[in-house]
Amino acid sequence: MGPLRFAQFGAGRIGAVHAANLGTFGETQLLHVVDVNVEAARSLALRHGARVSSAEAALADPNVDAVIIASSTDTHADLAIAAARAGKAIFCEKPIDLSLRRVDTCLAAVRKARVPMFVGFNRRFDPSFAALRDRLARGEIGAVEQVIITSRDPGLPPLAYLKVSGGKFRDMTIHDFDMARWLLGEEPSELFAFGTCLVDSEVARVDDTDSAMVVMKTASGKLCHINNSRRASYGYDQRIEVHGAKGRLLAGNPTPTTVELADATAVARDKPLHFFLERYGAAYRAELAAFVDAVVNRTPLPVTADDGRRALVLAEAAAKSARTGRAVRLR
Amino acid sequence: MGPLRFAQFGAGRIGAVHAANLGTFGETQLLHVVDVNVEAARSLALRHGARVSSAEAALADPNVDAVIIASSTDTHADLAIAAARAGKAIFCEKPIDLSLRRVDTCLAAVRKARVPMFVGFNRRFDPSFAALRDRLARGEIGAVEQVIITSRDPGLPPLAYLKVSGGKFRDMTIHDFDMARWLLGEEPSELFAFGTCLVDSEVARVDDTDSAMVVMKTASGKLCHINNSRRASYGYDQRIEVHGAKGRLLAGNPTPTTVELADATAVARDKPLHFFLERYGAAYRAELAAFVDAVVNRTPLPVTADDGRRALVLAEAAAKSARTGRAVRLR
Amino acid sequence: MGPLRFAQFGAGRIGAVHAANLGTFGETQLLHVVDVNVEAARSLALRHGARVSSAEAALADPNVDAVIIASSTDTHADLAIAAARAGKAIFCEKPIDLSLRRVDTCLAAVRKARVPMFVGFNRRFDPSFAALRDRLARGEIGAVEQVIITSRDPGLPPLAYLKVSGGKFRDMTIHDFDMARWLLGEEPSELFAFGTCLVDSEVARVDDTDSAMVVMKTASGKLCHINNSRRASYGYDQRIEVHGAKGRLLAGNPTPTTVELADATAVARDKPLHFFLERYGAAYRAELAAFVDAVVNRTPLPVTADDGRRALVLAEAAAKSARTGRAVRLR
Amino acid sequence: MGPLRFAQFGAGRIGAVHAANLGTFGETQLLHVVDVNVEAARSLALRHGARVSSAEAALADPNVDAVIIASSTDTHADLAIAAARAGKAIFCEKPIDLSLRRVDTCLAAVRKARVPMFVGFNRRFDPSFAALRDRLARGEIGAVEQVIITSRDPGLPPLAYLKVSGGKFRDMTIHDFDMARWLLGEEPSELFAFGTCLVDSEVARVDDTDSAMVVMKTASGKLCHINNSRRASYGYDQRIEVHGAKGRLLAGNPTPTTVELADATAVARDKPLHFFLERYGAAYRAELAAFVDAVVNRTPLPVTADDGRRALVLAEAAAKSARTGRAVRLR
């Protein structure tokens, strides 16, 4: 088999990351870049020896084996459906869509076309989180009992973004819901959430929240907590703590350097890396490599469209719980 | 004024700690030890130059200025009421009682007698937790937004104890509820709790839980999470994390030594101190010193009977929420 | 046997520490306090129920079993000799004397009198250093190969003190030489030292140094490094690192609390404890307890007068090496 | 100016690293690969679109702007001289040569040809070490007083390698001597070294040492310590500690992940990265980028051939000191 050939939708910040990573694999090739911003598409295509195309042309090209969907969220589902119909393997940024109904339509099309569809839950590929889960799987702490996920962004996105984001639970916490499912090894059966506005009261005016705490329970009684904030002045705070019958595994925040200053004031170390591009650089590369590997070798994908759907179900439940002040039963 | 003279009720494990601490203050004197276990009372009295007395005799002694109530929980309220009527200052181990009604009766008697009553929420006096709160108060991280309390015991107590403990929320989480109130600087207005049995299924048979997650919200939208387990195989896990507008303060677990071993396997440090007697040794001494200081100088107590009551209200709400699966509104 | 009864010489800062620790053992009693500063002696004696005496009277008292010598360095040897002749067990602050000749005279008197003589190398009783050595002894890192000792004071003592201190190697590094011998498990056979003035040029005017680096080798080729400074603006820096065939053991600096602040600048923890009274509080208590225990039970002392002598030999060699720029062969 | 075009000598492990890094810069091109192992040369050339050439052909090619010398140590000086005569900019792996005389000959040729020559002291480009030095330069700890360098390899190289390595001081410690000069900001004026065999007695049979401790002093009295071992069972131990008038800066060992396991035994974290390829991956890339940048922009090199010479002078002095047991005065 020759190299895996790609068309990429979206030439923005994340698109640039995926295209650059593709270029380091050797056994892949980027053929088309599609973006409504033609200038961005041209620049990215030029850098990676691809051509600027329309979505139709890219999907009609029989040389294209796979697509990367990194365009704006509202286009994901339609592009995935079209790619599925064209028989292309799909790597889709999260979320598939903000509407569960549309996600279901998309998944039906993908199932029907029997193409593999990967959802970009990059955190599963973070070296520390991946190592933590491997060690859970090896039984280092026995049966999982409680999972605690800290997930705090360094700063509030623009209000214009928040308005179309689907709300903090669908936009931000969805990653944490995926981590929770992945680490609990069992689906949550009940969920309660508080969402409040502590960072900026403008957030309430676009009917969103900037701070949240979620608790979940599984059928067997495992517990999970997620805490979120849109502002962590000290950088991107992404930590996991898993308590099992025989011990505790943590994964903390990596730092730019190991330098430590001791002076008359304190002993000070680096803040965590600033945000997702810094923190998850290795994860972005690893997730795309995992996708390529699974498609080339026809092995099961490590994250599927169904995982994307299930995380969205939890996000919707959290939004509902936060709105109503009541626990939500799942399934 | 001469030394502050004490009668002590309870000559068990915690009673021994308090009596020993009293002996180091210089300006205090232990006159009476009262315990249904006469042998324990005799041994403790002998060690500290006190005499064994009945509760009645001890409270009738006009030389007694203050009492320490460290007997079994079911005797706290009655002893506090009797001590209040006798005009003694009261240092009472938590909880005042497992029944809110009886707590209210007790508090009414104390208020009527106008005696000071301190409730032994020792954790407020832990050097790290106290330093954290001082730094909050100095504004180091701006306005408090979220509080996360990890509180995990090293091992399950005997089932016989659990049966009379009032349940995990009243027995164990009550400390965390006090910490939450103390750190949030605002009363919780809503609470949701999950309680499950993951450590030992026998716990369910005595109608209790061994694992729990609580979330709380205040009127202004501040959030708090508490996680509990009756088993942390690596020792007593007592950590606090406070997120504010300008940063984050953590207080971690102290360790017996600073020794670190690097070998072909890992880089390993000490586990946390084993349990409350080791971890909170300094806190037990500091809380009693604070009581003595406030009584001698007629200054306000840093922890009051009302704090004891409010923590119990939260514990009852948690028990109710865990039982019903619904959020509980407070006040 | 009744309680071990003490006379104490020296009512200064360290004397107060020892007297207070004695008071916590129960099975000991302080009978006499001797100090040229009668006011200090009176105050200390009063606090511990002892009486102020002359050295002669204290040593002539047949009820005195043991002495604590915590007076000024120039009196240690004479007092130890007199105590030995009076048949008292001796706990002597380091150094025995600044002159090796006088130390030898003292040790001869002690040997002749067959009384136990303990030298106060308190660091051996620091919980972290003691745990490190126990773990070495248990073979956790195999055979010891290299020892690295960091020993830095928070600030320069007064020049008046430096003038009579015997020089940095005898006054400060002598502790590190004792640690080196204790950890290497083998006597150094060769030593090289640099001593310079970096903190304050006035130190050079009293013919002393404020900064030093020492390296030592044993007959079997084990290596040891010591670094010293009279100024560590971040507190008392006392660390040990031992490299063995199978790994590395470190002991770091304990801190007042476990609090950590993350803000827009850095992640900051406490500085080390300020100086020896804070850092070695537990060690001072443990060393005196070990002395009492050995005297009462007639077991070998864990630190002997000979250990004091050997550390002084190394200090003299270091002073000579730093002065001459040449390595010194020992023994 | 077009891309900077390279010939590379040496297609071994480090050669492969440099060639791969070149390929990521964009503005560079690899034209020739030269190696006596034709198979290795062919494989590397193929991977990077270069051709296999003889040294003569590569240097005669007028399209070649610069050379990377990553062949065996004994060829460095001759290749550098030939490259200098051909007018090529030179990136040379350390050491330039094991003989100071030959280094001087080489430097004379380079000076005469007025070509830039960079010596690959990769550690200066390690993100943590580079950040530490920047912070020194910014005055965060005031004037530098003491530098402590820990430099320990994970395991002994083959004896066959040791025989031609020039000895531990020239082969291994030379990196630490460069770090020392770079951090002290002043040349050492006096040096003392112990070298012993603790890891493997076979090392003594090839007249080398596997363990060492060095101390150095500068004219102004600054001090530096280096400790080395050929075996650190817990991984590559590369740490720096700098003490200044106002504080201390440390740079520690990075780890593969941030995962921490707490169980009934201990709280365990990752060992350091295994060896130089893992630890200094970013440094290798950054040093080559710095070379390219300086050559392209005709700015001064951050590490020069003279730095290579001075580190060798210190290595020779250390070997002499360890052999004679005497301090060596420099300059």
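Points to keep in mind about this one:
Letters are used for the chains, namely A, B, C and D, taken in the order the chains are written, and counting of residues starts over at 1 for each.
One rule holds in what follows: a residue touches a chain if its C-beta (ideal position, glycine included) is under 8 Å from a C-beta of that chain, and two chains touch if they have at least 3 such contacts.
Since the model is a prediction, treat every value here as computed from it, not as a measurement.
Centroid analysis (C-alpha atoms only) places C farthest from chain A. Judged by contacting C-beta pairs, the busier of the interfaces B-C and A-B is A-B.
Chain centres here are Cα means. That of chain A falls 42 Å from that of chain B.
The mean-CA centres of chain A and chain C are about 58 angstrom from one another, to the nearest whole unit.
For chain B, residues touching at least two other chains, in rising order: 233-234, 237, 246-248, 261-264. Contact residues on chain C toward chain A in their complex (touch as defined above): 233-235, 237, 261-272. By the touch criterion given at the top, residues 127-128, 131-132, 135, 140-141, 246-254, 256-264 of chain D touch chain A in their complex.
Residues 143, 145-146, 148, 150, 152, 190, 192, 194, 196-199, 211-215, 217, 221-225, 227, 229, 231-234, 237, 243, 245-248, 325-327 of chain B touch chain A in their complex.
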